[in-house]
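Two complexes follow with subunit A in common, the first pairing it with subunit B and the second with subunit C.
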Partner chain A sequence: MLEVGATLNRNTLVLSMLVLGGVLTTAGFIMAFFFTPPVLGPAITNEAGRIIGYQPLFSQKIFYFHVPVALSSFLVFFFTAYYGVRFLMTKDRRYDTRAKVATEVTLMFVILTMATGILWTRFEWGRWWVWEPRLTTYFIMTLLVIAYFVLRNSIEDEERRATYAAVFGIIAFIDAPISFAITRVIPSSVHPVVLRSGGGLTGSQLVALLIGLFGMLMIAYAIYHTRMREELVHDRIEAVKAALEG
Partner chain B sequence: MDPVLAEIYALVVPSLPYVAGAYALLWIALVVYIGMTYSRVGRLEKEIAVLEESLERRGVSA
Partner chain C sequence: MRPSAWGWRDVAGEETGLSMRQFKAILRKDIVMELRTKEMVTSMGIYALLTMVIYQVALSQSGTAFDPRNIAAGLLWLAFVFTSMLGLNRSLVHEKDQGCLEALLLSPVDRPVIFFAKAGGNLIFLLIVQALTIPVFAFLFLQEGSYAGEWWMIPLALFAGAVGISGVGTLLATMSVNTKGKDFVLAVLFVPLMYPLLLAAVSATSAAILGGDGSTQQFWTGMGMIAAFDVIMLLASFALYEFIVGA
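Then we have the complex of A and B:
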């Protein structure tokens, strides 16, 4: 009875986090549009070719939901590696399930990061895709996340599948910090370094970004937990079916 | 057209489909994914309730 009560409380908490995440991301978005100063873009030149001013970029508003989704994808992907390590240490199947669900949430966020980023790139850089370091390393991460599921689906034996997936997940995660730090390592990159000390963002820009980021992380947690709930119920159904048949 | 308004529209209108498209895509994908997950969880929980009931009737423990 106590267990049922705890589960219900947890489900209510997850639902609350999902709603709060939606509210926070919307608040961050509204703040980005109505309270943060515009970012100045390409120079306006006169007939003689001299710079007479800069124009504000409306397309930069994509930043306020593109970056939270991208940062969330890195963070959730960390849990693939973490649960992979835990699985290899303990051989407990629950960690394999957690790693699989974390990677599934990562895939969702990676696809959304790519989609929103591509739309931004198309408008600001005039092309759908640019082979610059950040985009390339993130694209590699996307392929690795997809490859994780290809690997899982290609192995029948549960024990081997879990072990291979754990090792692959740990190795694949190495690309995440590389992708995050690449714009700092290769400063010639056209992709801006946003999170840095010394004037990367103004106060209101940072607040709008952080509100969106916290909201997106709450949504990520709620999705992860709901998918875990689904996996647990699924396992329970299999156990009950086995008991009924036996 | 008012030159100030013309300048504002010139800034906003060309990028509007990309900004709106990116935002809509993000939310549609998240809402559909979350909706599908909740719907599957609901269906599975109904299934487990029925199975556990029949398990109880038979007096078998899982």
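Then we have the complex of A and C:
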């Protein structure tokens, strides 16, 4: 359990994770500009509309920030479901607090994913919003995380709130990959499946992506623990207050 | 322990495991209450009819060249979603207000049986409303145009979608009925979770209505997705139900 004034090791770990994560993410992003090959997108067309030339897609560089954020949000959402399961197994209130903090971090990352996704769509396709599978899936995930907080805020009784939130967190986490799969499989006139030239990732692209990903995960870890510590301090204050009054 | 029809019989000859008798009893309670008051089916049916009126207003400026068959599947499922949210909420509100849920929990009924019975009741009501809505919709909007695709495709898609809606909806409604903002919380929880099912259901139903090239494949792809969603989410709802019904 994270104590406020104790274990210098834990605090150092969190702080170093935050700094390291920030450094790595920035490094990944800079690498995206200087070390990765440009991705080509169709640009120059003749009168018949056929593509006769390519231009480098500058907007594709958002990929190196967008994908780490998106993957991190999904991973942190896994912890929401995991702590939900642990809460249902043990009925320990601390797991509920952990699930709530994990969902808050998820919300932050999901909003960042949506923002970068919207920017990417704008600069690559010229429109601010396209109902393509990836954006749609993340929109649904945003709604799920918002729904989690709406549910939490609408219940007063603590144990019931924790139980319901745990159950919803689990079922929302199960729903997210299903949504991901179904939006890709179902053919739809308003769901263009976006194809880019060059399917796989080359070596340097992968390195930049992974560095960004690890940096983002470390940032997520640091934010989670900082917020968790705030919750624990809050709990201790409440306990002290109750002890003083009683 | 020796096997019985639906579970096991222990040494005393009592049935353990999920009991068909309990399931039938709870389901029959819901159906008898509905037959007496006819409240849910009438209110859901009228709500669906009112939705059709709104559709007419929404489509009133679309011009004569517009073929409503293109969006017929979407409109139908839209009506079903809102109607089922209404029905789910009501079915659980009765349980809570009359104290019936507490009585059920006090009696030696297995929790999963409550889930199946409530979900089964909601499924039956939703199917009835679907059966009533489709002729009305066809009468109002689909006077011209023929239907390609097999006739049995549409009911199949509707049934599969209704199963998913009832199952997960029962879980969510049991939660939302105990919150402060009942209908609102149900809607907020329901729509994002149901999104994949609705996408697949509209795709399958649309292929069934419109027909054309590749429609059979689109129909069966959609049905496969609906089936996958139903199996996974019903299993999850079944497993999680006993945690929330006792809380």
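The rule is simple: the second predicted complex is superposed on the first by the 208 of 246 C-alpha atoms of A that agree within 3 Å, B and C clash if a C-alpha of one lies under 4 Å from a C-alpha of the other, contacts with A are read in each partner's own complex, and residues count from 1 in each chain.
The criterion applied here is as follows: a contact is a pair of C-beta atoms (placed from the backbone, for glycine too) under 8 Å apart; a residue touches a chain by one contact, two chains touch by 3 or more.
In this text the structure is predicted, and so the values were computed from the model without any measurement.
Touch criterion not met for A:27: it reaches neither subunit B nor subunit C.
After overlaying the two complexes on the shared chain, residue contacts for A:171 are found with subunit C alone; subunit B is out of touch. When the shared chain is aligned, subunit C comes close enough to touch A:140, but subunit B does not. Using the contact criterion defined above for the overlaid structures, shared-chain residue A:62 touches subunit B, although it does not reach subunit C. In the superposition on chain A, contact is made by A:156 with subunit C only, not with subunit B.
Of the two partner chains, subunit C is the only one that A:179 touches; subunit B does not reach it. By the touch criterion defined above, A:130 lies against neither subunit B nor subunit C after alignment on the C-alpha atoms of chain A.
In the superposition on chain A, contact of A:219 is made with subunit B only, not with subunit C. When the two complexes are superposed on chain A, none of the residues of subunit A touches both subunit B and subunit C.
Of all residues in subunit C, only 168, 171, 175, 178-181, 184-185, 188-189, 191-193, 195-196, 199-200, 203, 218, 221-222, 225, 228-229, 232-233, 236-237, 240, 243-244, 247 touch subunit A in the complex they form.
Note for the complex: subunit A touches subunit B at residues 18, 29, 55-59, 61-62, 65-66, 69, 108, 111-112, 115-116, 119-120, 122-123, 219, 222-223, 226-227, 229-230, 233-234, 236-237, 239-244, 246. In the complex of the two chains, the subunit A residues touching subunit C come out as 88, 140, 143-144, 146-147, 150-151, 154-156, 159-160, 163-164, 166-168, 170-172, 174-175, 178-179, 181-183, 185-188. Looking at the complex, you find that subunit B touches subunit A at residues 11-12, 14-16, 18-19, 21-23, 25-26, 29-30, 33-34, 37-38, 40-41, 44-45, 47-48, 51-52, 54-55, 58, 60-62.
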